[in-house]
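Chains: A, B, C and D, in written order; residue numbering restarts at 1 for each.
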Amino acid sequence: MSFNTFGRAFRFTTWGESHGPALGVVIDGCPPGLELSEAKIQPFLDARRPGQSKYTTQRKEPDQVKILSGIFEGKTTGTPISLMIENVDQRSKDYSDVAKAYRPGHADYTYDAKYGFRDYRGGGRSSARETAARVAAGAVARLVVPEVSFAAYVCEIGGDAVDRGNFDSDEISRNPFFCPDAEAAKRWEQLVDDARKAGSSLGAVVECIASGVPAGWGAPVYAKMDSELAAAMMSINATKGVEIGDGFAAARLRGEENADAMRPGKGGSPEFLANHAGGTAGGIATGQPLVCRVAFKPTSSILTPVETITKDGEPAEIVTKGRHDPCVGIRGTPVVEAMMALVLADQKLLHRAQCG
Amino acid sequence: MSFNTFGRAFRFTTWGESHGPALGVVIDGCPPGLELSEAKIQPFLDARRPGQSKYTTQRKEPDQVKILSGIFEGKTTGTPISLMIENVDQRSKDYSDVAKAYRPGHADYTYDAKYGFRDYRGGGRSSARETAARVAAGAVARLVVPEVSFAAYVCEIGGDAVDRGNFDSDEISRNPFFCPDAEAAKRWEQLVDDARKAGSSLGAVVECIASGVPAGWGAPVYAKMDSELAAAMMSINATKGVEIGDGFAAARLRGEENADAMRPGKGGSPEFLANHAGGTAGGIATGQPLVCRVAFKPTSSILTPVETITKDGEPAEIVTKGRHDPCVGIRGTPVVEAMMALVLADQKLLHRAQCG
Amino acid sequence: MSFNTFGRAFRFTTWGESHGPALGVVIDGCPPGLELSEAKIQPFLDARRPGQSKYTTQRKEPDQVKILSGIFEGKTTGTPISLMIENVDQRSKDYSDVAKAYRPGHADYTYDAKYGFRDYRGGGRSSARETAARVAAGAVARLVVPEVSFAAYVCEIGGDAVDRGNFDSDEISRNPFFCPDAEAAKRWEQLVDDARKAGSSLGAVVECIASGVPAGWGAPVYAKMDSELAAAMMSINATKGVEIGDGFAAARLRGEENADAMRPGKGGSPEFLANHAGGTAGGIATGQPLVCRVAFKPTSSILTPVETITKDGEPAEIVTKGRHDPCVGIRGTPVVEAMMALVLADQKLLHRAQCG
Amino acid sequence: MSFNTFGRAFRFTTWGESHGPALGVVIDGCPPGLELSEAKIQPFLDARRPGQSKYTTQRKEPDQVKILSGIFEGKTTGTPISLMIENVDQRSKDYSDVAKAYRPGHADYTYDAKYGFRDYRGGGRSSARETAARVAAGAVARLVVPEVSFAAYVCEIGGDAVDRGNFDSDEISRNPFFCPDAEAAKRWEQLVDDARKAGSSLGAVVECIASGVPAGWGAPVYAKMDSELAAAMMSINATKGVEIGDGFAAARLRGEENADAMRPGKGGSPEFLANHAGGTAGGIATGQPLVCRVAFKPTSSILTPVETITKDGEPAEIVTKGRHDPCVGIRGTPVVEAMMALVLADQKLLHRAQCG
């Protein structure tokens, strides 16, 4: 069944297709009295916006957000906040290839298997344009958790990782890759451009850190902070893996290496001597930075011909022309950050529901 | 907020602590008319049961399940199925150490931060005994999806991985590690026993494959098959990472390497030439085997003294005595399989709700 | 907490305020392949539209619906259907009275108590304009349950009830009161006009009958058909009571009078000799017509001055000028019908989720 | 689909059949630190317990509650609270009549229509024994809302109403009818006994008042206080109608009669001059007493033979022998009170989630 709503207390519902008139999101459960205007949302959309460098898709979308409800005199009222973004650059191209044959790695075949037919124009609902709505919602979520600061960045493209010794958070916004390592960013220019020119594509790993999350947010068992973050991240287009803290590397450590020892810290909070756990224990925030890492597969749209079948089960070959991101993980970075903000806004409200 | 329910259509709610009188699960939304008895559940609990080899905890729990409701004349009635497992071996030991000081990596500190106090006996609700209830529920879920077959196994312990060339599914139940590679199982005997004797612990990676999932199950956006599986797996105790298909390795592939090409297959279904995607595209099952991999951190309970603080913020050192799994990932294997069955039972019902 | 979503499988989320730029609804979980266009929704909105007779508010709203997503080539795709209705006639009047003092019976005081402030223009989110979104969603819900036919009508205004002997379903659309009794409709012209001219208002009772609901839809315990209908109806503005079947009158019957005896009927279904139960038993549909009755209080906006207090707690007197329905129950009729369709669409999908 | 869970933040899930070994409830989301023991729950179960007078069923059930989880050192821990009540007096009678033919007014036919078969022993899941679990949960809910006091009572049996002039809340616990009017209680002895002896049954109206609910609890639109209460009440066995405040009588008032005028009151809160609204406006509590009224139909189990059909569609006649309440509304009274407490506990947590 289609579930286009995420969250339990701070909830949002997205709608819209790649080539429809608009897309949007309705946010429900937002606390009242928060100062909100389009100007507070737009910068986050701008960061995700396509067509800003040759390393991303050339589709030109202004992604201008409009607030349609839930605000009065510049403040959230506690009622649903409806945000809309009009689609502008739905190039009227010939979709007969995609209509007929299934692009491997895309949702073409599976939508048909599920629904019997599909909106094939630009991928319809399966297009990553849906993530613009998440980024808009994420900008609202951030207002709910002013105590938290977020940093998302690409830490690996096509297997080429950043050097953590070069980490500079100021660098993230200075290059077109959300890369915190100036040297890696330099290398990636060539790497991504080569892939683009070859009609190929690259995968990426995105990391997001949330600092300032109070110890106690989160929950045991099926709403563990880890579980909610994993669900959030794996709902983003093209993601295939998620880790909290050391993640898969923790499976290679011994117990004594993996222990995050504690000492008395300031203000009654413990000082942790390590953060292998990535800021959670038993599903609940420890007060350390939350660390989440997400794997993006290479964009499935490539110019190399791939063997496939048609709707009618005939053999075919397909080449995905059109405007595509050579590395979808790059523009996935603001989306990862938005999803983390959305999870934390929800967790904050849930925590105070139960614990006051 | 505490959320002890998982699922949307096929839903289950677990309850119980490590040292309470019992633990259990209530399953709601189960289709009527399925043949069910304790005998259909017990083998799965037995597979997860502690104390069966020296490689797992020595706590002796028979884990006998009782069906308290939802069955009439040997069949599910469509009303809630209540399953209960009594705790038998809650050794009355001295918990004063754990009551006073926080064990790093455990939920001791975070439960106190969230709830103000905690049931410190055996970890209370944060104990992995909760997973017995999931395994019991999973046995019911399997009846809902008879078209699907499951295989979960450990593919890596302490960084020592199986050789996929040696894969033999019959081997999984022949060794105490759920290991599909007889040679690796041999090596792990020494590896795990050494860790146990040293009072240390090891992490593990568990893989689960579900075959027979029809194309079309799953959903776009926030109930993606990938997203539901990720949430399910990351809600299991000690998990820190989850992958679908190639997972993080996909982030290192190029688009043309990662494409799962299709050919006309039998019965109208496509024949796929690869399964990098792990059986999903756009969040919906492709009909290929679903492949999910889960990282378990090393057990946090170790005999090596670790620096920590007391409830009152004083410095302390803690050693976790008692009966513990040297590698919690081993007994996590039946839990991973159960969670996959629970997700698929839910997805099957959700699919037919929307698509008939 | 704000919950602007209704339904479990067929779900909809409404948004918008009386004086914002627009209002709308996002429908999620709708089955694919249903023929849908604006033309299939508009007639239901037209039935609820204000300003059509002197017996309803004079606000002029065309209530033109736009479909923004979820449709391809004239059919639902299974993805969210976003519907939008622009507000046109938000007369820029002086709201300083309402901004300062609380109108008794309105949500003015309670919104302030809950949220700390409120959008006072036309009642903001508490305005019955929200129900236009429900009516639009209801038009889609009807497509999901083509086996069901609906008839909603006013059976009582200001204590003056229809004569059931005069019941004529064709009459309902012939008068401005949705009245199935031509004689009562005649009387109500005077009754409602007198109230309007006096600056007073009247309550009403609306009845809705759904025929063709298959035996088996609905569920035991907390999703009883009765319970879902009650929740749906009591979420409509100005409702204060709901009955299924004989309702409160059943409390005055003896067991043998209330029994709906059965005889063998056609096609294996029973023939019922009465329908005191209103089409449900144990929360599940019997196959008889579902009968639901809803009480609407008199419109709270009246020209008679009422004692009240200001935002600052000072004594005041208030008169609600502006354009109001003298009997809000009249235009509530299409809303009741829409909510019944929405509940049944949900119940149909839920039934097939569990029972196939 | 079966939904045996109620609530959004304070949630409970019930399970169990009339003739199974036990029934119970799992409460999730309960705040931590509340003092709870069996002794705090038992008195409420005792009030609902059958067999205490000749006016209720003669089934003898001690209804002893056991707490299986969620409590440590006498306090709620914030984790699920599992409560169990064993069934003791499942008289082993001959159910062949009920197994074969459908009792009109019962869920026999509809369960078969939905699920294909049913547990016919004592009505299975459709038995009002399920309400014992609600009463137990309600006792926990009361601890969450210590600021609220509750009074539920029968105000009408078989059409014979109490005289509100005789209202004495102390009287409620002094007679076997939960009747606040000593004179009516006197009359009802004869009335109910006559019905019992005649093998007939009577309906009833139960009213519940919650005092001390702070202004601001509740929510606009689909989680209106009115809507949640209506859903809660209409999920109780044998209920057919629900009213808030004046309910259906409000539909006969004029706007000026129905207005709850306000004056400056103590402590900044308004003093209301009437409470036609029953304590809500726009779905949100006004701070006045919440007033809810519920119609119970006469017990469907009667000794008068009723025409019916068998499972195979053959004509038959049925008489419901066995132990039954001649007026199920009487023992419904503690259930109504419990449901009101459960709704308010949920609303309190939801309010502080959104509004802090």
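Just so we're on the same page, contacts are C-beta pairs under 8 Å (C-beta built on N, C-alpha and C of every residue); 3 or more make two chains touch, one makes a residue touch a chain.
All figures in this text were calculated on a predicted structure; none of them were measured in a lab.
In summary, the chains found to touch both chain C and chain D are A, B.
When every chain is reduced to the mean of its CA atoms, the largest separation from chain B belongs to C. Put simply, the C-alpha centre of chain A and that of chain B have 26 angstrom between them. We define each chain's centre as the mean of its Cα atoms; on that basis chain A and chain C are separated by 39 Å. Between chain A and chain D, the centres computed from C-alpha atoms are 46 Å apart.
Contacts with at least two other chains are made by residues 1-5, 9, 14, 29-30, 32, 78-79, 114-116, 125, 220, 349-350, 353-355 of chain D. Note for the complex: chain D touches chain C at residues 1-6, 8-9, 14, 102, 104-111, 113-116, 125-126, 130, 156, 158-159, 195, 200-205, 214-224, 226-235, 237, 239-248, 250-264, 268, 270, 273, 276-278, 280-287, 295-302, 304, 306-309, 313-315, 329, 350-351, 353-355. Contact residues on chain A toward chain C in their complex (touch as defined above): 1-5, 9, 11, 13-17, 20-24, 26, 28-30, 32-33, 68-70, 72-73, 75, 77-82, 114-119, 124-125, 349, 353.
Against chain A, in their complex, chain D makes its touches with residues 9, 29-32, 78-79, 220, 349-350, 352-356.
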